[in-house]
Amino acid sequence: MCVGLPAKVMTMKDGMAVVDASGAKREVSAELIENLEPGDYVMVHAGIAIAKITEEDEDEAEDLLEELL
Amino acid sequence: MCVGLPAKVMTMKDGMAVVDASGAKREVSAELIENLEPGDYVMVHAGIAIAKITEEDEDEAEDLLEELL
Amino acid sequence: MKEQLKKAKAIIEGYDGPPVRVMEVCGTHTHEIFHLGVRKILPQQVELISGPGCPVCVTPADFIDEAVWLALEKNVTICTFGDLVRVPGSTKSLADARSLGGKIQMVYSPMDAFEYAKEHKEEQVVFLSVGFETTTPASCLSVKMAKEAGLTNYALLTANKTMPGAYEMLKNSADVFLYPGHVNAITGNALNKKLCEEEGISGIVTGFTASEILTAFAVLLKKFPEGKPFFVNAYPRVVTEEGSIPAQKLIKEWMEPCDSQWRGLGMIKNSGLRLRKEAQDFDARVKFSIPKMEGRTSPACRCGDVLQGKCLPTDCKVFGKGCTPLHPIGACMVSNEGACSAYYQYNSRGE
Amino acid sequence: MKEQLKKAKAIIEGYDGPPVRVMEVCGTHTHEIFHLGVRKILPQQVELISGPGCPVCVTPADFIDEAVWLALEKNVTICTFGDLVRVPGSTKSLADARSLGGKIQMVYSPMDAFEYAKEHKEEQVVFLSVGFETTTPASCLSVKMAKEAGLTNYALLTANKTMPGAYEMLKNSADVFLYPGHVNAITGNALNKKLCEEEGISGIVTGFTASEILTAFAVLLKKFPEGKPFFVNAYPRVVTEEGSIPAQKLIKEWMEPCDSQWRGLGMIKNSGLRLRKEAQDFDARVKFSIPKMEGRTSPACRCGDVLQGKCLPTDCKVFGKGCTPLHPIGACMVSNEGACSAYYQYNSRGE
Amino acid sequence: MDNLKGKTVSLAHGAGGKQTSELIDQVFKAHFANPELTSDDAAVLKMKEGKIAFTTDGFIVSPSEFPGGNIGKLSICGTVNDLSCMGAKPLYLSCAFVIEEGFPMEKLEAIAAAMEKTAKEAGVKIVAGDTKVAGKGQVDGVFITTTGIGEIQEGVETSGFMAKPGDAVIVSGDIGRHGCTILLAREDFGIDADVTSDCAPLWGTVQDILSVTKDVHVIRDATRGGVGTVLYEIAEQSHTGIRLNAEAIPVQESVKGVCGMLGLEPLYLACEGRLVIFAPKENAEAIVAKLHEGKYSTEAAIIGEVTEEMPGRVVVTTEIGAETLLPPPGGELLPRIC
Amino acid sequence: MDNLKGKTVSLAHGAGGKQTSELIDQVFKAHFANPELTSDDAAVLKMKEGKIAFTTDGFIVSPSEFPGGNIGKLSICGTVNDLSCMGAKPLYLSCAFVIEEGFPMEKLEAIAAAMEKTAKEAGVKIVAGDTKVAGKGQVDGVFITTTGIGEIQEGVETSGFMAKPGDAVIVSGDIGRHGCTILLAREDFGIDADVTSDCAPLWGTVQDILSVTKDVHVIRDATRGGVGTVLYEIAEQSHTGIRLNAEAIPVQESVKGVCGMLGLEPLYLACEGRLVIFAPKENAEAIVAKLHEGKYSTEAAIIGEVTEEMPGRVVVTTEIGAETLLPPPGGELLPRIC
């Protein structure tokens, strides 16, 4: 229900982060995440960074499958 | 300075006259002329009948010239 | 050509009296005289001067500036006669304001402006009330109707003018005045008669058809050589001695005299009309606290001299060059009835 | 194809366990599952049910009616996610309102709606605040910013919903729930764990990439045959156990629970959020005294049953005939994430 | 078309997808269908060797419906007439629509129907089209651009550069009706009059002229700007003067009335079905006689002549037998009241 | 043009008189001048015997200037490309402008300059035009309709009805850039990305294709509605199915980023310089190789094939190796966020 996009934080200013998702840049609110810094990765939804994340989904999936098998 | 048009009163209603000038009809105020009636001729300017007139300019000019000569 | 026209024309073409300067005071006369080609049949001794009788021409730039300000700064819907749309203000005309998003509505009548306001209660509507005695009653009537209808979104921006002051100022500019029939239909002939009797200024009231205009010229060219001041009402089917009493009353009820700035002529005492104190709710200047405008006009423009018969349009340096009906510098070039415009369009393109 | 995808796919295609009903609660999951063609690789024993997790689909017609009323009767500028533009109200969609002159502005974020209001002080601006836990913080934030900026022309029309009530209602509709990763990023996993432990409802939180979705299916198809209720967070890079504390706080600060009408499901107690009393200035219903709307939906529409997994979209009589994405009857046909729309677009055109 | 009742055009109709095709099928193809009408990127047409005329015009008239026609009829007439003025038989038209979101389908259908009817009368086929939908307030109702191809007839050569002193100036009918109709239809001035647009396809009228003589120097349709603008244009292009006889200019009585009220000059009111023809004087009477038999030219009249003097100017002999310049075309048509 | 600085278009410029001529002379003729450009009602063109292509399109893009071009360039490309798709060498164009009162002259001049440049590149002449001015708020800036005539090359026959099972489906470059550019240029969503419009005149590109083989079944330019819409159109017209390979579709990274943010499908974003080509499989590699040498087709790729099954449908083989239908073209492009 909520299109989310992983994005990299480029710059921070006044509680707002400019993020980059594969070249699409936009200012989003960093209000919900403490100590966000350029270089961090976040999950963005509707103009707000909802979570700090790791860059890639691969490792996680890999780990889960490993665990399982 | 004031484009005026002689026109014939077609109908009267609530102090407004519908006038006809060579087929161009429009509602104008009859406020300035007492007892205006369908069939009367008026001089119209900017949406208001400014004077009751006779139909034709010919006789008048004719008379004036007659008088003069 | 009709018999009667032929007779009048013969009198005019056959004129062999002394030189005579005739001033048509009224812009509609100016226009019709050119339209009919009257100048072409006048003998050389007859000099024709186009006076200040075009309300557009004598409306100062700061009036346009006020209207533009209302349209662009206050989002007011401006209702206006088409005549004013292209008149240059200090920097912008109403056409310019419109192209910048200002709402400029052309109307045929002030009553239409009132109707527009009644049907668009969410807009503030201002009618640009220009004109002489003929037009002023219609403006007053629109205010009366707005008051009766309880409208709070309608007002006038007034620049109404009256002729007497101008006659007084121009009395030495011509030998015979062609008086505007439609003004006299409202005012009656008393003033013109008085000018004739007391000051020896000749004049003739006439209408606007070919027949009326030629007849007037025929009459004045017959009378002038007689050497006595004369006044003739050559338009009796429209103009009565006392004029329109209801119209005079209507004006008095809503408006009062004020000093007035004439483009080109300067300030003329008591030559304007403004809304009375009691009608201030309908006065756009009061209602919108319009700031004082510093109307700037081109220094090259000789409209003032043209309007006073002191020079011909063609004597103006920019006539037909910088100043043309498509790109007017002065107001006289804007209206079809303006002397410069009429000269340019009908006479010579200043080439 | 990447190694890891291949592995997951092999597990899914090789599933030979007992029949299992899986419900993806989230519309974005529905959409991605179709987009990737996941249904095509699921073995027959796996039944996939598309749940009520598309905020557009569960937003009742009277909410649209309220927005249309604001746009057309109150001249309010409506800011909205594109998702809502084509949703049918009782008689008009927002697209219809726009074609009638209503001002409908699409935005990417509630913060953009706030910015719009800040830059257009002469307009009244209302943001259509739909969405689940993921989206609500952004709406709250826009109100917070509007309050800080002293705006008096910004408000929310709320239809925000929360998932717990729906989980409770749907708990018997499926064997395993695919939980929406982005909701859990805000809420954390406590409730899902509790459902697992106390009510024996299995579930798996996952993300939205091919890799994440396939992995989740692989995991659940491995776990299900074991016979024990399970809960797995397959999205730990985004979802933490406690969720986003700042987001939870923000919501609590500005909003409070209320009963809420779900299109198709009916009234669910405490499943909605509305602005708190203290923030009533920003509540469009209060600000504009919106009258009660009698939302009418087509009696033919089986959205409710579809959302509860009681029937397939194709079981609806008008599916693909009267009801298509271009001419939707029910909300499930509008959003790309709606179950009916996804079925129509990716599966069968009902021919 | 019952199924269009109450429906309106939406942005989706302009998105290029299924709804666009639906709109085209239901409204446009239903009326324009012919073997050459393309469903591809372009129509494929077989051409003979020779000279063709090629012309385009945009139509933005508001209101889109008016007494005597609608924007659809107008858009066919305008381009058919431009081709006809070159002595070209109109063969093919394209039409591009820009439609405002919310525009009623029924009105659109009426427009398409008028186009079909007019094209049929003019013997021309609509073979290519385009439909765009603009958001509410980004276009005023509907705009149509038509473009035409015509086959120039053997032995005919007309151009605004070819007027010669001694030519007679003919108008094919009474002037100013279209402009007057639109002015009244806008309802801005509260004036009512029994005037309908002169809008008409004139290939037949041109054929009538050419049946009398192929020695015609200029044919031009007086559209926006009216007859006066055309005359000034030709006077300038041909470096000649033009002398008009004011009393010979055919103007309908009610058009005169409206012009009187608003201080307008009929010579500057638009026509959409009137030709201005320049032809050697000796054939003028015969042309006018032939025109009087035609459906759209019963009021044809010789209104003046081409002169050597005053090149670039149009002079009018007035009702008092004096001469005056016709005021050159101004800008926007502004009613003059005070 | 210094004399245009600060000036704007007024209603008077559209009245058909002197100011209209001035505008045309200063802005349009200054750029479009060529011997065939008409000052009469229509251009006169000499034609050879044979088949021509004839097409029209209206351009209403807003904003009128965008990274990679402006509405002027677009209006030439659009029509040149429609002609090119029919295997027709573009020869002549007409253009009809509708301009909003108050539109800056300098912008108009930039538009005309872009048209000149693009027409030159495409080898096409602008021979007829029209200029209308609409009142403030009656049109959004400027709309342009261009209409084109092209000469269909010997032995070439393309049509959307001619796709055959076994044909390869080729795109001439990465997709969706124009639509993405306009979306960003409107500044509605606060997103910034390094994307420029793909807008380009493609007659050269078509010549490249035809230099490899004249046996090409369909060429179509993917404009509004994007490649996806074109594919559905052709699947329907040709009664065939189409199977795409999702991973083969060239999409620029930043376009993907924007689509990700707004929930959009790149296949449905407009292109203005991209061809979709259907040609027998055996020539597909050679065509793509040739295209890779061209200025506007370095990213050309085979993205799928025509199938007998599923006529009228477009199926995608996804990144997980499963099949799914490409959702058929919807209406208005709506960003999907929540």
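Every chain is named by a letter (A, B, C, D, E and F) in the order it is written, and numbering of its residues begins at 1.
What we mean here is this: a residue touches a chain if its C-beta (ideal position, glycine included) is under 8 Å from a C-beta of that chain, and two chains touch if they have at least 3 such contacts.
If you're wondering where the values come from, they're calculated on a predicted model, not measured in any experiment.
The minimum number of touch steps separating chain A from chain F is 1. Considering every other chain in turn, the ones in contact with both chain D and chain F prove to be A, E. Rounded to a multiple of 5, the C-alpha superposition of chain C onto chain D involves a rotation of 180 degrees.
Relative to chain E, the chain whose mean Cα position lies farthest away is A. Per-pair counts of C-beta contacts peak for the chains E-F.
Comparing the CA-atom centres of all chains against that of chain B, the greatest distance is found for A. Same-residue interface: chain E and chain F share over half of the residue numbers found at their contact. The mean-CA centres of chain A and chain B are about 80 angstrom from one another, to the nearest whole unit. Note on chain placement: the centre of chain B and the centre of chain E lie 36 Å apart, centres being C-alpha means.
Chain E and chain F have CA centres that are 31 Å apart.
Centres computed as Cα averages put chain B at a distance of 21 Å from chain C. Of all residues in chain E, those that touch two or more other chains are 10-12, 18-19, 135, 137, 189-191, 261-263, 328, 330-332, 336-338.
Residue positions of chain C touching 2 or more other chains, listed in rising order: 55, 81, 95, 108-109, 112, 131, 135, 214, 326, 337.
Within chain A, residues 1-3, 26, 45-47 each touch two or more of the remaining chains. Those chain pairs judged to touch are A-D, A-F, B-C, B-E, C-E, C-F, D-E, D-F, E-F.
On the chain E side of its complex with chain B, the touching residues are 189-195, 253-254, 256-258, 260-263, 336-338. Note for the complex: chain A touches chain D at residues 1-4, 26, 28-29, 31-34, 43, 45-48, 50-51, 53-54, 57-58, 60-62, 64-65, 68-69. Within the complex, the chain E residues that touch chain C are 188-191, 261-263, 316, 318-325, 327-328, 330-332, 334-338.
Those residues of chain B lying in contact with chain E across their complex are 1-3, 5, 20-27, 44-47. On chain F, the positions that touch chain E within their shared complex are 10-21, 38-60, 62, 81-83, 85-86, 88, 92, 94-98, 127-132, 134-135, 137-140, 143, 145, 147-150, 152, 158-161, 220-221, 223-225, 229, 232-233, 237, 270, 328-333.
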